[in-house]
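Supplied in structure tokens, the structure appears directly below.
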Amino acid sequence: MSAIKQRKIGIIMNGVTGRMGTHQHLMRTIVPIMREGGVWIDNDTCLMPDPVLVGRNEARLEKLATASGINKWTTNCEKALSDANNIIYFDAQTTSRRVQSVKTAIEAGKHVYCEKPTALTTAQALALYHQAEAAGIIHGVVQDKLWLPGLLKLRMVGKSGLLGKILSVRGEFGYWVFDGDGVPAQRPSWNYRTEEGGGIILDMFCHWRYVLDNLFGEVSAVSCLGATHIPGRWDENGRPYGANADDAAYATFELEDGVVAQFNSSWTTRVRRDDLLSVQVDGDHGSAVATLRRCFVQPLSATPRAVWNPDIDDPHDYLSDWLEVPDTVAFPNAFRAQWELFLKSVAAGTHFRWNLLEGAKGVQLAEKGYESWKRRAWVDIEKLQ
Amino acid sequence: MSAIKQRKIGIIMNGVTGRMGTHQHLMRTIVPIMREGGVWIDNDTCLMPDPVLVGRNEARLEKLATASGINKWTTNCEKALSDANNIIYFDAQTTSRRVQSVKTAIEAGKHVYCEKPTALTTAQALALYHQAEAAGIIHGVVQDKLWLPGLLKLRMVGKSGLLGKILSVRGEFGYWVFDGDGVPAQRPSWNYRTEEGGGIILDMFCHWRYVLDNLFGEVSAVSCLGATHIPGRWDENGRPYGANADDAAYATFELEDGVVAQFNSSWTTRVRRDDLLSVQVDGDHGSAVATLRRCFVQPLSATPRAVWNPDIDDPHDYLSDWLEVPDTVAFPNAFRAQWELFLKSVAAGTHFRWNLLEGAKGVQLAEKGYESWKRRAWVDIEKLQ
Amino acid sequence: MSAIKQRKIGIIMNGVTGRMGTHQHLMRTIVPIMREGGVWIDNDTCLMPDPVLVGRNEARLEKLATASGINKWTTNCEKALSDANNIIYFDAQTTSRRVQSVKTAIEAGKHVYCEKPTALTTAQALALYHQAEAAGIIHGVVQDKLWLPGLLKLRMVGKSGLLGKILSVRGEFGYWVFDGDGVPAQRPSWNYRTEEGGGIILDMFCHWRYVLDNLFGEVSAVSCLGATHIPGRWDENGRPYGANADDAAYATFELEDGVVAQFNSSWTTRVRRDDLLSVQVDGDHGSAVATLRRCFVQPLSATPRAVWNPDIDDPHDYLSDWLEVPDTVAFPNAFRAQWELFLKSVAAGTHFRWNLLEGAKGVQLAEKGYESWKRRAWVDIEKLQ
Amino acid sequence: MSAIKQRKIGIIMNGVTGRMGTHQHLMRTIVPIMREGGVWIDNDTCLMPDPVLVGRNEARLEKLATASGINKWTTNCEKALSDANNIIYFDAQTTSRRVQSVKTAIEAGKHVYCEKPTALTTAQALALYHQAEAAGIIHGVVQDKLWLPGLLKLRMVGKSGLLGKILSVRGEFGYWVFDGDGVPAQRPSWNYRTEEGGGIILDMFCHWRYVLDNLFGEVSAVSCLGATHIPGRWDENGRPYGANADDAAYATFELEDGVVAQFNSSWTTRVRRDDLLSVQVDGDHGSAVATLRRCFVQPLSATPRAVWNPDIDDPHDYLSDWLEVPDTVAFPNAFRAQWELFLKSVAAGTHFRWNLLEGAKGVQLAEKGYESWKRRAWVDIEKLQ
């Protein structure tokens, strides 16, 4: 028996005290990877993350260190960057701090992995990409929804040929976010303030871009109408405030090959569908509906011959015409799945597919969505490079 | 006991051999009205329709006369118009013949009731309206969906105050129309040919206009993307043909007071929802979802506090959060309901609310929908008068 | 990082060896508050209870001290009152001892928090209130049902507008208390003896008063019939005794604005309803039914059109016409919730809303209930002040 | 084999064109009795009803004659009374016409059977009884609820000893009667107008009297609060009107032996219980709940030992603690069951138990209910004789 080689890999985790940083990236990804002995990169080599927690509030860092069992933490990011053992810089800070921090990390020669949106403008996002490429580092951006079990199943359905040629896609995302008067809101108040980076278009179009590009075809144009349906809300301390960011977006996308994708995103709708997110794909040979973790199909040969006859009660149960895609493989946490792939890329020194260019495309789609809303017209999505 | 007064009312039914004319207008409306003794207009007066069937094919007319038990029929519409006993002209011909026929009927002094679209252009539709007004006749246009049980229940829900202020509306209409290769198509082939008045925008936007105007607020602008997803189909005789008309439309409407209505119409989608048509209305105090004949509600106080957590299976059944609106009143056939109101208007000599102006608005919305598609931009809907 | 300031707050807990004192006030409220680090009154100040347990039985006090981990206890209440660190006096003794003890505590300058009923007569209860006001202390009375999840949800439903104008309220409280012959009774025997302060009217009307006043409107009149349905019972030691206190009460209340509230309270009924307590509110726009921890609603638009037809089996399931109000907020223990509010009032030096005047109103309603029973007539409830 | 003797029995059915007269008395009782060959009174004798339909509207009588197949009808009641073959006079007219008509029938020597209320005042109702007794005729009053399957089962349960001594009774009757604005009301508008004999107390207390007297003990006192919760309604023609009659009544009755019966009657409540009417009886040995057609029991030995503990979720399903009384006998239509008994009494020449004295008691309870409401006090029910 040959000995197992464990390679330590230093990771600066900046902004890890935020909601996503703590739960998704640290507690559900890095900590379990460490507890389970690291990420295997070949038969006898294992990558073991060696994180340092970085944030701005000492008390919260200390508490998180205790909770996670990770004893390295600091409020001094520069110092962490100066440590040559730390070869990866991860960023989950609020969006407005991302560009400068990532820039500094690249200058320090670190590989970079970061949350979306990568920047507040396409120009900045693209500049980061160019800088990273010039520096020769490996870079990645979180695109977790690609590893959602429902979307993975949908991809398998597409690959199986059941859909035939894809004709159209419908996405319905949303739920009722309480206004905070009585029932506390499920989202932070900054989401509803433009000046703090709020807005559902900025938040969600980054996701829709990579979902569409990867599953159904490259986005070539967007038509988007935003709205602030609920103008007054109550914040975390029960104080009323004016909401000026978009809380709903009604968008249609054109994809290559004439596929049309219509997506509604809303924090002001109630859910009468399978899940908080559902994506229906209609093809000439069949259709599929994906939820967060499930997927249902209806092949052409089992498609009912519905007839429009509203005069009489229709006892047909349309939900019963679909068949669920079974769980044939295990699905790890989506964030962890992408992290492991990134760590392997770094270990192997290879290009990472979901990188800063892909991240910039997400920012671009949000930017173009706002432009479309303002101009009241379709806006083409030029290719970034 | 006072005697019952029966007033005969002569009706020219032109185009009654077509699908809608035969089933909805003749066999499910005029024939049962006659069999049940007419339409009561006050305690002792009853209107008894006295129809004459008009069409272009003698054999079909004769067959229909036998089936309906109505022995008056002719291929000579002019003759029917010259009979002073016939005071109503009804038109269910193909759209391209409607304008000229209605025009002639108005000139002959008849009251007019007709199918939609009333014309192929807004200008023509509006001209018909002006002509009818100038002639002082009573005129009406079929807007049957307003009497669908599901939409009537939805209106009652709105009136009851459950929705509060309406924020947005989502309409999803459609089903899979087979291409005719093997399984026969559920719709006639002319629906898929532009030159014969086909196209889902022209067909459905006439409906969406009066549904939106009457239930949620006047339409002020439209953004629409059409598509011909299935370019090749097989006709009634099994012969392949090229389809050039739009078979799907992705539209967003702006209504007064900032309400946004997003409506998909498609003959190329499969149904994973309550019914072939479903309309969801979200308000700040509650939501409702109407299908053709049913309606479901979710008040604010019973709205679940959904939390986005795609990592773990969500056992919540979102359909169980809704309560069905019960059948508290009897709902007659929608076509018959509107016919009876029109007959009463004629008997009373009063203005009919759903008239040629309303019909013209439907044509206008379809026209503007096509314009939006072509211009790739939002198009405002100016007020017609 | 600024240091956390912890303010100790001495609390004399008199009568803490009784059932309510031990379970609700000590073990489920003060002890967990202490274990969880106190009550936060602002971002960096925390109130830490410092209780002294007071009772009449040394052995029970010692045992309770061990169970709770609170090492200060005494049978000498006077001594505890003389300690200036003890700024709150809490009383959970039997009702007959309450007035004198609270009086003494007020004279000693303590803030007062106590169980209900605050006295055996309205005059005494009101005198306590006046004494407390004159002394300038902060005072509160336990009104725990206001923090029951079911009633909190009911209040949210009312606030959401679903009920419209409230027409009537029906309360059904009760369950079968075994007579102690074989199956031990679930309630102490003194509950069934008038001379020891027993009686369901005295016990429950204190609750109904604040529930009605706070949720549905001020009580203006009462009609009450009491009964001693089970005249013979067996006590804690298995000895038979004569029960002379009321074990059931049938009451109707008039509230402001013409609302009628009909409440049955009984220890001699069996439960065929959602819970031991259920409160139905009917309004012109909808109804709600609250249980201890749940709430169900039926809006007007989903109200079935029931028709009286007892000849034939009615397959309708009336329970299915209701929608449950989901758990959108976390509900702490009701007793603890009110305690924390009281502690904050004391810390801030502000008036406490549920005070000795409110407590006196509860005693008044019980007194007027007994008067109505005796006089066999409606009795008006004059305003206390 | 001896021959079957068929005895014809002439019955004047006055007011048979009304709702109850037509459906319950004629179509569901007399007509099926006739079709099934009459009522057997001993092994070889059968009573065959020979009805004459009496009303005020010829057209409606003629239509009813056709529907029922009974060819004798007249608008001249006097003539029918003068026919010696008609030995029974039945009255289902509106209440205001009953007294004079019944009086005339007794004077004509007819046996009398009639609907409730028998009169608008106790004095009149009692006078009718005295007149009938003096005339030596056999007389009966409809008390159909006694033959409801649910109440028959309840009586069987009581007889079986399961309840032990009855302690208390709770009746909950009612449902939401729509106000007629949109959804048509389920009850006639005169029900809501005092001047036309409306009011729920007058309507329902006639029933509660015989239900209480026969099942639980004679009523000795009443306390009643009425209310007009919905002051504005829309009538059969969609016209708004002011409602001044009581639409809800909150009553408590004292029965002999100290039994307390609390009954709510309401046309302004929504149903969260087993049925439109439910009656719970609590006894020291067990409880029973009757609905219109079902009955559920809980014996002492299966009574759960409920403990009041609102702090924690109570997963106990209280509805599952009850056992349904099975259908061990067939239950005929309640109206028909009483009719058959009355016909047998007439044939045998014997006293009928549910007679004009019992009918007068019903009127008395309504009268005393209104008096209690007005006087805001308990009112004793003196014995009628």
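By letter and in written order, the chains are A, B, C and D; residue numbering begins at 1 in each of them.
Heads up, the rule we're going with is that contacts are C-beta pairs under 8 Å (C-beta built on N, C-alpha and C of every residue); 3 or more make two chains touch, one makes a residue touch a chain.
The structure presented is a predicted model; accordingly, all values stated were derived computationally and were not measured.
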Revision key, fill the gap. Label-sorted list of chains bordering both chain B and chain D is C
Point to revise | Between chain B and chain C, centroid-to-centroid distance (C-alpha), Å | key: 59
Revision key, fill the gap. Averaging C-alpha coordinates per chain, one finds the centres of chain A and chain D separated by a number of Å equal to 68
Review point. Taking each chain's centre as the mean position of its Cα atoms, how many Å separate chain A from chain B?
Key: 42
Study note, to complete from the structure: chain B residues touching 2+ other chains are 156, 286, 298, 303-305, 321-322, 328-329
Exercise for review: Using the contact definition from the top, classify how the chains connect: line, ring, star, complete or other.
Suggested key: other
Point to revise | Residue ranges of chain C touching chain D (in the complex, touch as defined) | key: 24, 28, 145, 148, 167-168, 170, 172, 175-176, 178, 183, 186, 221, 223, 225, 227, 229-230, 248, 250, 252, 254, 258, 260, 262, 264, 266, 268-277, 280, 282, 284, 286-287, 289, 292-293, 296, 298, 303-308, 310-311, 313-314, 318-319, 321-322, 333-335, 375-378
Check your understanding: Across the complex, what residues on chain B touch chain C?
Key -> 153, 156-157, 160-162, 164, 285-286, 297-305, 321-329
**Study point:** For the chain B and chain D complex, residues of the former touching the latter
**Key:** 1, 156, 159, 328-329
Review point. Along chain D, where are the residues that touch chain B in the complex?
Key: 58-59, 178, 182-184
